[in-house]
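Just below sit the structures, each encoded as structure tokens.
Here chain A shows up in two complexes: once beside chain B, once beside chain C.
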Partner chain A sequence: MPPTPSSVSATSPTLLDTRFKVETPEGIDLILRPAGVIPRALAFGIDLLIRGALLGALYAVLALFGQFGMGLATILMFLLTWWYMVLFEVLNQGRSPGKQVMGLRVIHDDGTPIGWAASLTRNLLRFVDMLPFGYTLGIISSLRHPAFKRLGDIAAGTLVVYRDEAPSAAVLPEAEALRAPFTMNLNEQRARSALLNAAKTCPARAVWNWRAFSLNPCTSPPNRLNNRSTASPVAF
Partner chain B sequence: MKQSLFEQQHQADWQGFALQLDALERGKADSQQTQTFAAAYRHLCQHLALAQSRGYSSHLIERLQHLAMRGHQQFYRHRSPIGGQLLGFILAGFPRLVRAEWRFVLAACLLFFGSLLLMGALVYHFPDLVYAVMSPDRVAEMEHMYDPDARRIGRFSERDSGDDWMMFGYYIMNNIGIAFQTFASGLLFGLGSLFFLLFNGLMIGAVAGHLTQIGYGETFWSFVIGHGSFELTAIALAGAAGLKLDWALLVPGRWPRSEALRIAAASSVRLIGGVTVFLLLAAFIEAYWSSMTLASANVKYIVGAALWLLVLAYLLLAGRGDHAPD
Partner chain C sequence: MRLTDASVVIRPRSAWEAVDLGVLLAKQHAGLLMLSWAIVTLPIFALLCLLLWDYPSIAVLIFWWLKPAYERLPLFILSNALFGSTPSLKQALKALPGLLKPQLLASLTWRRLSPTRSFDLPVQQLEGLSGSARNQRLVVLGQRDAGGASWLTVVGVALEIALMFGLISLFYMLLPAQLELDWSWDTLISTDTHQWLWLEHLSNLFYALVLVLWGPIYVACGFTLYLNRRTALEAWDIELVFRQLRQRLTGVAYAMLLSVALLFMPVADNAMAASEAAPVATDPNGPDAPRLLKQPLTSEQSQESITQLLDQPPFEHRETVTRWRFGDAPEDPSAEDAKSLDEWMKKLADLAQLWKSVDGVALFFEVLLWTLLFSLLAWLLWRYRDWLNAFAGRLRMPQVRRYQAPEQLFGLEVAPQSLPNDIAGEVERLWAEQPRAALSLLYRALLSRLLHEQQLALKSSDTEGEVLQQVHALQQAELSKFSQTLTSHWQNLAYGHQQPHAALKDELCTGWRQLFERGAQA
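Moving on, here comes the complex of A and B:
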């Protein structure tokens, strides 16, 4: 049961950005924001540096212990190569250190936290994503997938998303409320507040939302009087 | 209901829920507190749905959504005792899985052991054929390794006990890496798994045939028979897991390819879990038992045969009973 990326009900306008909606058994929609190639590549780069530094330090120390040390170093290298990501993802709420820095996390694509099987799958199949050189297959796969999944993510059913920070409490300006010149129905109110929100965070997205609002006939109501009961006057 | 009234009524609930979440996320929640968590989570979801349908401002909805998201992450956490699960898997789950996937296991075994035996027989009867798959330097190195005059046998003939530990690490790194690659490259429409199975089969077969033919048979066979039981079976099983991935891509049946791949990967990754355990055992045997020169060749043959029987019996018989540990 893969959650479809655009299971959008009639009440909310179609999302034009990359947000990914998952309906939970409790009947609410979780909104996830899949991360694209660049932040993920940076996160991987950070992890690579950390692993390189760790290995260098380990070899320097364990070389003092002769052959026993070299055996131990080989085993640790094996752990770092194949299990570093798995251990961090499962035990640290889907975040390897690189992902932590970049504000990302891995989850199952139904929104639940990642488990051992899925994490092992996606990290073993990383070997194929890296082929033939420099993550070529992985990059092609994630560029053409609506939720930016590389091959390992598709097989494991996982998703790399941004961690959402807690929204800051709204600060309303101290001003006298004005009555709008005309009554807006629910969809119009939503479009307006979505537009204002988007304009605050991302001007480009605001333009797109505005186009969706003005081009989509469903969101511009034919008769405003129909919705009088839900349309309370809004305070601008 | 006006939004301000709604907020006023439920503000305390939300703050309480946020505190519970904080405790859970830091892993410091006590069991008394968490008893009310499920109810509080459902309550919050209801508030969120209400707020959305009533068209309250996005500040409130975002805040509730954030809480619901965090609650969801905690509520659906996978919290299973990994130790007990692992034990149940080794005692019963893994052999059951191998039997359930017998088609892929059979195909991989035929490919791997078939190419191994065929190449071994060919090289034994046509000695020059070994140079078709290996360079002369490599052949000389192999001959040196299994020279009957060497004191200790194995990858480095002049080994002492410190080497055993080093080789243990080397075998883990090398063999498990190969198994993982054999599995993962199944994603390349099976070509990768086929390549690794046949490549390893041909190489091992060529070495075995060549060494037997030049009369180093006893050192070679007594060395490999012990750990070979676990190691060769594990490589074949890793190939089976890879072939399963490949089959899901080539013949997805009624599923979309991505979905078929996901279903196949869920069971083949469990196979790989078992393969990892097998290879750890093999590395241990190879480093500490196979390289020992104290035991005579005959003892090694007997122990090796017993190990092969053990592996076969484990894969065929373990976990069949009704009361098998789960």
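Moving on, here comes the complex of A and C:
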């Protein structure tokens, strides 16, 4: 059996994943993680609460000025309804306050920061997503699209993704370096260093189990569940 | 359960990403999940409606309360599909009674309102835990992703409500306008009218339909949350990589064994292979020759895996294009067809020969056609010359018009050559016999001077009054006064036939001399 490159077998295209790859002209894959309907609905809820609170406060203050105040409040309501998202998205790196809380941001499909045109399109088309009531079309579109886009996102070519945290520098364990008897590819090296990091942070027993397993890969992985039922269709 | 068979990428995710994976997983098996859900729930809904026809709210409450019972079948399907053995619809429905048995009472009573229902279900159904073991397990699992599971339930409630009202309003929008509906809210709200029961049952049906979409997704999201938690707890991602590493290394070991065996093969075999390969005349030292035969990875194997790699995306892009076309497929070209095609080609060649011989004719026609074209163009230009003048002429830059001093004003000669040298003297001479001629001469002279000395842009269409206005615009008081007097008297004489009195002669002549001839003399 020829040793096939395991990077190919590990990331076979049939496997289901939420990640979304954008290939740059230099042949580098940028990995984006599109966000689904649940966190986006929560982010929208937070934004809705903020807007509601702002509008309530505005009305309370402007009601003192009579009809003029009401007119002003109507204009402000228009601005807050239609420009709140656009301004935050374009001027705050694609993050409205709700998205900020949920760790999301909006970008173009190719990973570039969102611009005025795309942001205006996706936010004006909220009107379509809201049809016929309470974002029905948006929810259905988001549930059926592989990158969780609602109709506005499809039209504007935008993507709501999870923000990437800045990676922390790997802390190497203080130990004498040994050469492995075989070459390891990137995935395997990562797995090994993840194992070593876990060994430092986890309780001793678990580490012992892992180490026993990793040193002797021919044994089956340790059973952590004593109470495993055989009646269940898949023995989890 | 073999991790290497998993149909999803196993890696530690955040709780939200795990939920998103659930949405994708449910989408992948959407047909089976939604169909089985509909087959199970819709008959129950229909039964409830029939039994409790007078109490639609209670019917939908019971239907809603039974949700944990419906959720076991999707979990069964998903857990099997995750490792590649997706059950058929029949298998799934057969498994349903066995799935419903354990802990159904607990699920439907004190655990019904648990916000982490979807997250807990795999522990109970797939691990088969109950009692205190289940509680301990849930405490361990719930340390991290339970918050995500609760939010999933909260958002799920909101989504169910939004989708249901969306369906109801869609239904309302699609009612034809001709249907006279005087639904007023107070008649809808007053419960004593029995005629609105069907409407309530209809909106309950919408809820049941929304659940067909959302129920499996909810279960799948809880399942992937559970998988994610176990991935983190038991380091499934690391285990998976090490398992693949083991597969790879055992593969290498087999390859080494094979190559060692090859080394000890009889030499005759090699010679035979060489004699067979000789006619192909491959260079034994060329790039295509097998090399590195004693290595675990021989050149042939590497070539093979390279071609395999190059055959897959992103190096190879194949797509199937489906088009409509006429039904009768073209037959294979037979020998006859080939022959007739050959003849046809020959005829074509003959035709080309003939064509060369009639080159002169072709030249004649070419010239004729070009001539026709150019004459057509010329004729067009001539035919539309007026139009071109009118419209194309406007395209030119506006030009300054040279002012041409008119020769005549009011029928009077005003050119300087037509006037005598001593105008005042001539006037004095004529005044006695021909006062009309004298005054007209003076007026002519004035106009001539205005035109040629003062450079007034008089037009032949100007009236006497307009001339006067232009003179006033010069702002020379004496000239204005003189012109005023002369013009009024000239008009009186010319149009009113009033003879000027004799004293006027001296006044006008003196005025003339002062204005025009003094300058000339000085």
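Some observations on this one:
Going forward, the second predicted complex is superposed on the first by the 155 of 236 C-alpha atoms of A that agree within 3 Å, B and C clash if a C-alpha of one lies under 4 Å from a C-alpha of the other, contacts with A are read in each partner's own complex, and residues count from 1 in each chain.
Criterion: contacts are C-beta pairs under 8 Å (C-beta built on N, C-alpha and C of every residue); 3 or more make two chains touch, one makes a residue touch a chain.
Source: prediction; values computed, not measured.
Of the two partner chains placed by the overlay, only chain B lies in contact with A:Thr24; chain C stays clear of it. Contacts of A:Met77 after superposition: chain B is touched, whereas chain C is not reached. Contacts of A:Pro39 after superposition on the shared chain: chain C is touched, whereas chain B is not. Of the two partner chains, chain B is the only one touched by A:Thr121; chain C is not.
Number of chain A residues touched is higher for C, counting chain B against chain C. By the touch criterion defined above, A:Gln67 reaches chain B but does not reach chain C.
With both structures placed on the common chain, the touch criterion links A:Ala194 to chain B and to chain C. Annotation: chain A residues 2, 11, 190, 194 touch chain B in one complex and chain C in the other. Chain A makes touch with chain C in their complex at residues 1-6, 8-11, 13-19, 23, 33-39, 41-42, 45, 102-103, 132-137, 139-140, 143-144, 146, 148, 162, 182, 184, 187-188, 190-191, 194-195, 198, 210, 213-214, 217-218, 221, 224-225, 227-229, 231-236. Looking at the complex, you find that chain B touches chain A at residues 25, 41-42, 45, 48-49, 53, 55, 57-59, 62-63, 65-66, 68-69, 72-73, 76-78, 82, 162-163, 165-170, 172-173, 176-177, 180-181, 183-185, 187-188, 192, 245, 258-259, 261-262, 264-266, 269-270, 272-273.
Within the complex, the chain A residues that touch chain B are 2, 11, 24, 26-28, 30-31, 66-68, 70-75, 77-78, 81-82, 93, 107, 111-113, 115-117, 120-121, 124-128, 131, 151, 154-157, 164, 166-167, 169-170, 186, 189-190, 193-194, 197, 230. Looking at the complex, you find that chain C touches chain A at residues 1, 6-9, 13-14, 16-17, 19-21, 23-25, 27-28, 76, 79-80, 82-83, 95, 122, 125-129, 133, 151-152, 155, 158-159, 161-163, 165-170, 173, 213, 217, 221, 230, 234-235, 237-239, 241-246, 248-249, 251-252, 254-255, 296-297, 301-302, 304-305, 308-309, 312-314.
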